[in-house]
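These notes open a run of structures that come right after.
Look at the two complexes coming up: chain A is in both, with chain B in one and chain C in the other.
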Partner chain A sequence: MTTEAKNRELLLLFFEPDEKPDPAKKEAFLKNVMTGQITRATKKTLDQMLLTQIKYIRKTAWLAALMILLAAVLITKGSPDSVLQISALTPLLAFVTEIETRRSYAYGMAELEMTTAFSLRSIRYARFMILGLFDLAVLSGISLLIRKYIAISAMLTLSCLLLPFLLTMTGALLLERTAFGRSHPYGSGVLALLIAAGTEILLLPAGPLAMPLNKTLIMQDYAWVLEIATVLMLVTVIALFCTNVKQEAEMTTLWN
Partner chain B sequence: MSFDINMQYDRLYRYCYYHTHNRILAQDIVQEAFTRYMERYGSLNEKNAVPYLYVIARNLCIDHYRRQGMQAEKHVQEKTYEQEQTIGLTESEDNTLITKLSVQRALLRLSEEERELLLLISVNEVSVREAGMILGISRFAVYRRLRLAQKHFRTELGKEGIDGDY
Partner chain C sequence: MELRIDRVSKQYKNKIAVDRLSATLHTGVTGLLGANGAGKTTLMRMICGVLTPTSGEITYNGVPVSEECYRSVLGYLPQEFGCYPEFSGRDFLLYFAALKGMPRNEAEIRSEELLETVGLVDVSKKRVRTYSGGMKQRLGIAQALLNRPQVLILDEPTAGLDPMERVRFRELIGEIGKSSIVLLSTHIVSDVEHIADHILMMKGGQLLWQGEWKESDGSLEEFYLREFRE
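Our next item is the complex of A and B:
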C-alpha cells in the first residue's frame, strides 16, 4: 500500500461520516440531475440573453458613440482639413465601451447577475461583442466620411481611427488587472483623455503628421506599419479581455 | 473530462458532514450545491465543476454556522467527546477503535485549516489547483500548507504512538 493510501485510510477513520446519506433521497436526486430536471430557473436561449444585454447596456454608451459620429459629421462639414483629427475622439469611445463591459464586476452587481441562468463570463463576452460590433459600425461610418475628403485607402483610414481606440482599450484592460484599476473604474477615463490629447497633437494641421488634403501623404508610404499595428493591437485587446474575464470568473465568490 | 457524479456526491457529503455533523443537513447542502451549480452552469462536465461545488457547499455550511452561532471546532470536539464515552466501554476489545481515537486526538491538535486541507486533498482527492480555488489561495500556498499539515499530522500521530511512513 502506498504512503498516500495509508494516509488516506487513517484520515478516513476520522473524516468518514458516521451516517451515510439517505440512499433513496440520493438516488432520486441524482436521477433528476442526470435527466436535467434540476433547474429552478427558466431556460433562456442565447438570443434572449443577447437581447437582455442590449437592453441592459446603458443609453449613455449608445449615445456616446452616436455623439462621436455626429462630431465627425460636423468636423468634416466645417473643417475638412482637420478631418483626421476625428481619431482623437475614438479613445473616449473606447473608454465608454470598456466601462460598460465591466459594469457588473466594477459596481458589485456580479452577484445579482450570477443568479441568472448565464454565467458572468458569458454576459461580459456578450456585452463586449455587442458594443464592439456597434463601435466598429460607428467607426466604419466615420471612415467613410473621412474618405470623402482624403484619398487614402479604407484600411488606412480605419487604422487611423482604430489605433487610438485600441491603445485606450489596451491600457484600460491592463489597468483593470490592478488593484487600483479595480477600485477606480473611471481611472481609464484619464488614460483616454491623455491618448486623445496625444492623438490631437500629432494630427494638428501644423503638427508632425500634418495631412494636407488631396496631396501625397507621408503616412501612405508607411500604411502597412499602421495596418499591422492595428491588427496586432486588436489581437492584444481580445486576448487581454479574455484573460481578464477568466480571472474575474475565478476571483468572484459564489454567493449564496 | 467525465464527472463521476456518484463519487463526487459522496465526497461532497463527507465534506459537508464533517462541517455540520448532521446527516439531513449535510445531504440538503450537497443537493443545494448541485442545484445551484446546475442552474448557473448547466453541465457537470465543466473543468471547474468540482471546486465550484465545494465553494457553494462551503458557503452554505458557513451560513449554517452563523445561524447556529457555532464553530466547526466545537462540533468536532463534541463528536469526539461522545465517541469517547461510547468507545470507553469497548476500547480494550477493538484495535480499530483505539486507532480511530488516536487519529482523532492527533487531528484535533491540528488547526482547522490543516484539517480542511487534509480532508480536501488527502481524503477527497481534490487536486491542488482545485483546492486553491476552493480556499481562495494560490497553488504554491496550497503545496506549502499541505506539506506542513502532513508533517504536523505525522508528528501528532507519533505522539499517539502511531508510527510509520505517512
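Our next item is the complex of A and C:
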C-alpha cells in the first residue's frame, strides 16, 4: 500500500461514524465523568486543604498551647513543688481548641462552608485533628518536663495533664448539642474555668492530692485507674465530636 | 445540564415548609417568586445539600445533591451570611477558593477578576466587618462565582443593593445564565422579570405556578399578584 493510500485509510477511520453509544447509559456516563474529574481534583488539593486550615486557625489557638508550655517551664524552674498544678491550665487549652473547631457557627459562616467542595464537616475534622495533635504534642512535652522533678511514669504524668483537658472537651461537646450551647458558643469557657479551679484545689500543695517533690505520688497506687480513665475519655471525646459533626450536617434544630 | 427536583418535601415537627414540590431546571435563569415564609429558602437549602429533604430527591445530571462532586460545581449565596472578623474582602474570597479546591495561583487571579466585576477592588484589603450591607452582598455574589459554577443558587441576592447595582447584577446574572443553571429567589418581581426564562411561584410550601415567561405575556408582577390573590 502506498503512503497516500495509508493516509486516506487513516482519514476515513477518523471521519467514519462509530456506533452510537447506548442512550440508556447516558446518565451513568455523565455521572462517571463528573465524579472522575472531581475525584482527581479533590485528591490533588486535599493536602492543600489541610495546609489551608493550618493557615486559617487563629494565632490564639496556637499561642494558648505555647503559653501553657511556657508556664510549665517557668513553674518547673521557679516552684518545682507545684509542678503538677500545670494541669489546672489544660481546661483553658481545651476551651480554646473546642471554640476554634466551631468558629464557623460562631461567625455565621457555616451555611456557606457547607456548600463548598471541602465542606464544613471536613473543615471541622481538619481543625480538630490539627489542633488535637498539636495540643497532644505540647502536653507530651510538658509531661517529659514534669518527669524531671517527679518520679512517676510518663503515662501517669500525661494522664494528669489530659484528664482535666478531656473533661472540659467532653463538657463543651455536650454543651454544643444544646440550644443554649449553640447560641452561646463561649459558654464552655465558664465550664473550663470551673474545671480549672477544681483541678487547682485538688492539686494545691496542701490539698488532698498534695505530692512532695521527691516522694512517690500518693495516687501512683491508682495510676492504672487514671490511665484507663484517660483513654476512655479520649475515646468519648472523639466519638462525641464525630456525632456532633454528623448532627450539625443536618442543622434542622438551627432552622426550626 | 439538568437539575431535577422530584416530589421534595421538608417537614419540621408540625410545620411543612416545602410540600411535594417537583420541577426541572435547565440552563438559563429561573426566578423563584414567593412571599416571606413561602418556603423559598428551605427549597434552596435542599438544592444546595444543606438540608436533607424529608422525602423526595434532588439530582443534578443524575447525581444526588448530597455528593461532594455536586458541591464542586455549585455556587451559593445565602440570604444572610457572616464572616470571620479578621478577614478582608480578598481574604474572604481566597478562603472560599481554597475550600472550593482551587489552586492558589488560580484563586488569586479569579479573586482579582471577581473583585473587579463586583466593584470592590478599592476596598478589597479592608476588613469585611467595615463593609456596608450592599458591599457585603456583592462580596457574597463574588464568592458564589469563584468556581465558575454550573449551578448557581442565589437567595434574595439583590437585598441591600442600590438601583444601579441591581441593574449591573441583572446583567451579570443574565450572562451567567447563558451557560449555567441559575436559580434566583426574590419577592421583588422586577428583579427577575427581564432576565428569567422560567418562573416558579411558591406559596405555603407548594408550587403555585411554573412556566416560561416572555415579555409578550405581559406584566409578570400583575400576573403574580393575581395568582396570589386567588
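In the analysis below, the second predicted complex is superposed on the first by the 206 of 256 C-alpha atoms of A that agree within 3 Å, B and C clash if a C-alpha of one lies under 4 Å from a C-alpha of the other, contacts with A are read in each partner's own complex, and residues count from 1 in each chain.
Following the convention adopted for this analysis, a contact is a pair of C-beta atoms (placed from the backbone, for glycine too) under 8 Å apart; a residue touches a chain by one contact, two chains touch by 3 or more.
Predicted model, so just to flag it, every value in this text is computed and none were measured.
In the superposed model, A:D47 lies in contact with neither chain B nor chain C. Contacts of A:E4 after superposition: chain B is touched, whereas chain C is not reached.
Once the two complexes are overlaid on the shared chain, A:D221 sits clear of chain B and of chain C alike. The contact surfaces that chain B and chain C form on chain A in the two complexes overlap at residues 30, 34, 38-39, 41, 114, 117, 119, 250, 255-256. Every residue of chain A that touches chain B in the complex is listed here, in rising order: 3-4, 6-8, 10-17, 19-22, 25-26, 29-30, 33-34, 38-41, 114, 117, 119, 250, 253-256. Remark: chain A residues 27-28, 30-31, 34-35, 38-39, 41-42, 45, 48-49, 52, 56, 58, 103, 107-109, 111-119, 123, 250-252, 255-256 touch chain C in the complex. The residues of chain C lying in touch with chain A in their complex are 12-13, 42, 45, 48-52, 61-63, 67-69, 71-74, 76, 78, 80-86, 95-96, 98-104, 143, 147. Residues 5-6, 9-10, 13-14, 17-18, 23-24, 26-27, 30-31, 34-36, 38-42, 44, 52, 55-56, 59-60, 63, 96, 99-100, 103-104, 107, 118-119, 122-123, 133, 150, 157, 162, 164-166 of chain B are the ones that touch chain A when the two sit in their complex.
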